[in-house]
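A, B, C, D, E and F are the chain letters, set down in written order, and residue numbers restart from 1 in every chain.
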Amino acid sequence: MSDAANDLEFTHLDPLGHARMVDVTPKEPTHRRAVARCKVFMKPETTVAIANREVKKGDVLAVARVAGIQAAKRTADLIPLCHPLLVGAVSISFDIGDDHVAVETFVDTVDRTGVEMEALHACATAALTIYDMCKSADRAMTIGELALWEKTGGRSGTYRRVED
Amino acid sequence: MSDAANDLEFTHLDPLGHARMVDVTPKEPTHRRAVARCKVFMKPETTVAIANREVKKGDVLAVARVAGIQAAKRTADLIPLCHPLLVGAVSISFDIGDDHVAVETFVDTVDRTGVEMEALHACATAALTIYDMCKSADRAMTIGELALWEKTGGRSGTYRRVED
Amino acid sequence: MSDAANDLEFTHLDPLGHARMVDVTPKEPTHRRAVARCKVFMKPETTVAIANREVKKGDVLAVARVAGIQAAKRTADLIPLCHPLLVGAVSISFDIGDDHVAVETFVDTVDRTGVEMEALHACATAALTIYDMCKSADRAMTIGELALWEKTGGRSGTYRRVED
Amino acid sequence: MSDAANDLEFTHLDPLGHARMVDVTPKEPTHRRAVARCKVFMKPETTVAIANREVKKGDVLAVARVAGIQAAKRTADLIPLCHPLLVGAVSISFDIGDDHVAVETFVDTVDRTGVEMEALHACATAALTIYDMCKSADRAMTIGELALWEKTGGRSGTYRRVED
Amino acid sequence: MSDAANDLEFTHLDPLGHARMVDVTPKEPTHRRAVARCKVFMKPETTVAIANREVKKGDVLAVARVAGIQAAKRTADLIPLCHPLLVGAVSISFDIGDDHVAVETFVDTVDRTGVEMEALHACATAALTIYDMCKSADRAMTIGELALWEKTGGRSGTYRRVED
Amino acid sequence: MSDAANDLEFTHLDPLGHARMVDVTPKEPTHRRAVARCKVFMKPETTVAIANREVKKGDVLAVARVAGIQAAKRTADLIPLCHPLLVGAVSISFDIGDDHVAVETFVDTVDRTGVEMEALHACATAALTIYDMCKSADRAMTIGELALWEKTGGRSGTYRRVED
């Protein structure tokens, strides 16, 4: 992101910072996609219980998947300045590591605005659902590394996160 | 958390993992509180823009605070097996560091079940709102260290996270 | 529905059954319509009370009509893998029989996906509202024969239910 | 249900039928439970695909279970004159027959009003989710026999449906 | 309202005005009631069309009544710092004048916080629904005189608005 | 509005007034805009407290602005016969007078139906939020003069309210 771009986004004119939903009506609807990822860090025995479907509240990843998909649809309800849009596809995959579950979400739409927030919101909600279902056995779980990994479509073009 | 406690929470009997909302009706309503925290990591110039209220979409922390409070109230709508409850108090504080904004949420209720998920959900939603409002200038922001820091009230008693 | 069609819809490849919202972004928006029907079976005196607007909780069919219309708009919130869409028209009609009230819903849209679920959801919610308003006098009411009766538009073309 | 009870519920005084949410504040909160059931009738090969987890959209019963639980929590949002309450437990079970899937829901609470509508709403939403996930292969599925099977607690006491 | 009371409510200590939901958990649940009123001013022929049920979109007051009842239940979803609570009764009455429709709402609950906002929100939503249903014929309608008329229960006691 | 137009909107044919959401699918999506205004009348010292950000519950106008923006997005959820649409821009401005706060909302979209209700709903919700945040010090506040001020786009063309 260049300094020029920053100048467009940060304004020195209105220090009162009045919130508003910026106008997307001049844009044309185009295909947009976003990919987000995060990790839920936990005790090794919690990853085993999830993998073996032995968690008392139910099949953790099946429930987290549904929670994430539904959250993608309700993003604009929760994030105040986020534009409402109609998600056209949502999928979520999980990868169980030794001390964590990795969550990856994919969201597509044809709209005037991108789906980054939808992908991130789905990811966060799936992770929180994992926390909720396992918390009585592992209250110290932590959710981290929630980030946008890819974004395609729209005026600002493609963004791909660079691995650290 | 002892092994004995784990045995209560992980079940080896039903490998199908049928999701259900566990019964809290036998419990008495008592005062519950939870504290959660997370950090939104960002470029130093983004923290400056937030502090100086120069972000184009509006006063970032004022909007994120409202988003977090409203999210606390809607936690059971988003997290499938989370019990609905009536939050009795919600407050959110922010601390602007060199390369991050720290978020801390406090939720209280008098109910049959705890407010850990409400505090975590408010924290995640406030963080996502910060991301949304600054993303056009700093797409690589990351949300991390989302964790429960304190929980009081209820049968399982007080929990305080140990600093790493 | 031919076996070939079934092969397209039932997959033998992924026995884990990972839920996902299928991608509709490659489709073009076209006009879609769906019609659904159901019946609420009840005691004859309950149908009389509904017809005469003598039910204590209010005008049953007026309330059920509003409930059904609002439900059509919120279908994707309730049915997890259902795509969000903007309903363009909803109407609901009732027919009072000797031992039942018949409900019929009509939903139209211009979108990439059909409105079958919207029509069925409106029908079910109108029927449940009838149950709710009359239940203190007739707890044994039953809702049945909830089915899609017609669907037009979209790649799969027109479907009309064959009367039994 | 005696004629006397009917007289209490049907009113001949106000033919205009003004809808209102009746006052439950004079009642004391007590433990309430409700059980509802319905069936989704379908082609035999559809029941086989569900049982074998071969439906393209995902594990049908896992998704339907989550949908039903979430619907129980949102009943008062959809059914206009239904009192809001905090469900304390929800569970859903399925039974796969030759030509149908049977759905059974159990809801508990401690409140001033019963959970019949919550159990019925959960049941209907789980059934509609089954329809949604299988509809591309079996559009003629029908939902029927949606009824309250048991209700305990509250002033009107226990109700048990008599098998036909 | 005395100056002393104002001192309790307006704070000179924190000029940043950080929004928070104040803590009601120390309070005991008690019976609360609120009454709100407003008027929708319109052309005389519009009042006639409403009274005669000749408005194209449907029976205006029947729909507005349902809209107001449902709005009462969702007040805390819309008003950010409003505490969630379970409304125990809602009723709405209308009075058709020469150039306006008057709306009056009554809300009751047993809770730790009052229902003023629920009564006002129901009143505003019923009025907006009247506007929506008649707007194609009378776009200049105005909603006014929306005020709390009575509030009972709670620590601050009874309030009755004084007629101008 | 001519008598001819009224004839189109008021129907003498169906005195039962069956509510329905009218069909907008034959219309083409075009750019639409609406502007609404209202006033919250209050004691002079309340306007001072709002201007100086000394209200205990937080920065009144910052919270009301967020509430109004979110309400614009949820209009079709609250107003039964209102068509769902995707708002493309929302902004809200306030003007503090001697005895009132004036609220003005602007909503834009590209859709088959107008955004009058979205602008009015945002305005009413921002006003109710102001009431909520100041009510403990000034319970007699009144909301008035809520009206549509401008509407552009769509078949019925431009409407501009004439100042009284």
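Here, contacts are C-beta pairs under 8 Å (C-beta built on N, C-alpha and C of every residue); 3 or more make two chains touch, one makes a residue touch a chain.
Given the structure is predicted, the values throughout are model-derived calculations rather than measurements.
Common partners of chain C and chain E, by the touch rule above, are D, F.
One rotation lays the C-alpha atoms of chain C on chain F, and its angle is 120 degrees to the nearest 5.
Centroid distances from chain B, each centroid being the mean of CA atoms, peak for C. Across the two interfaces under comparison, B-D and E-F, the one joined by more C-beta contacts turns out to be E-F. One simple way to say how far apart two chains are is to compare their mean CA positions; for chain A and chain F this gives 31 Å. With each centre defined as the average position of its C-alpha atoms, the distance from chain D to chain F rounds to 37 Å. Shared interface positions of chain E, defined as residues touching 2 or more other chains, are 18-20, 22, 58-59, 62-63, 65-67, 70, 74, 77, 80-81, 86.
Inter-chain contacts, as defined above, occur between A-B, A-C, A-D, A-F, B-D, B-E, B-F, C-D, C-E, C-F, D-E, E-F.
Of all the residues in chain F, the ones that touch chain E in their complex are 1, 5-6, 8-12, 15-20, 22, 38, 45, 49, 52-60, 62-63, 66-67, 70-71, 74, 78-82, 116-117, 120-121, 124-125, 127-129, 131-148, 151, 156, 159, 161. On the side of chain D, the complex with chain E involves touching residues 18-25, 76-77, 80-81, 83-86, 111-112. Against chain D, the residues of chain E that register as touching in their complex are 31, 62, 65-66, 69-70, 72-74, 86-93, 108-110.
Of all residues in chain A, those touching chain D in their complex are 58-59, 62-63, 65-67, 70.
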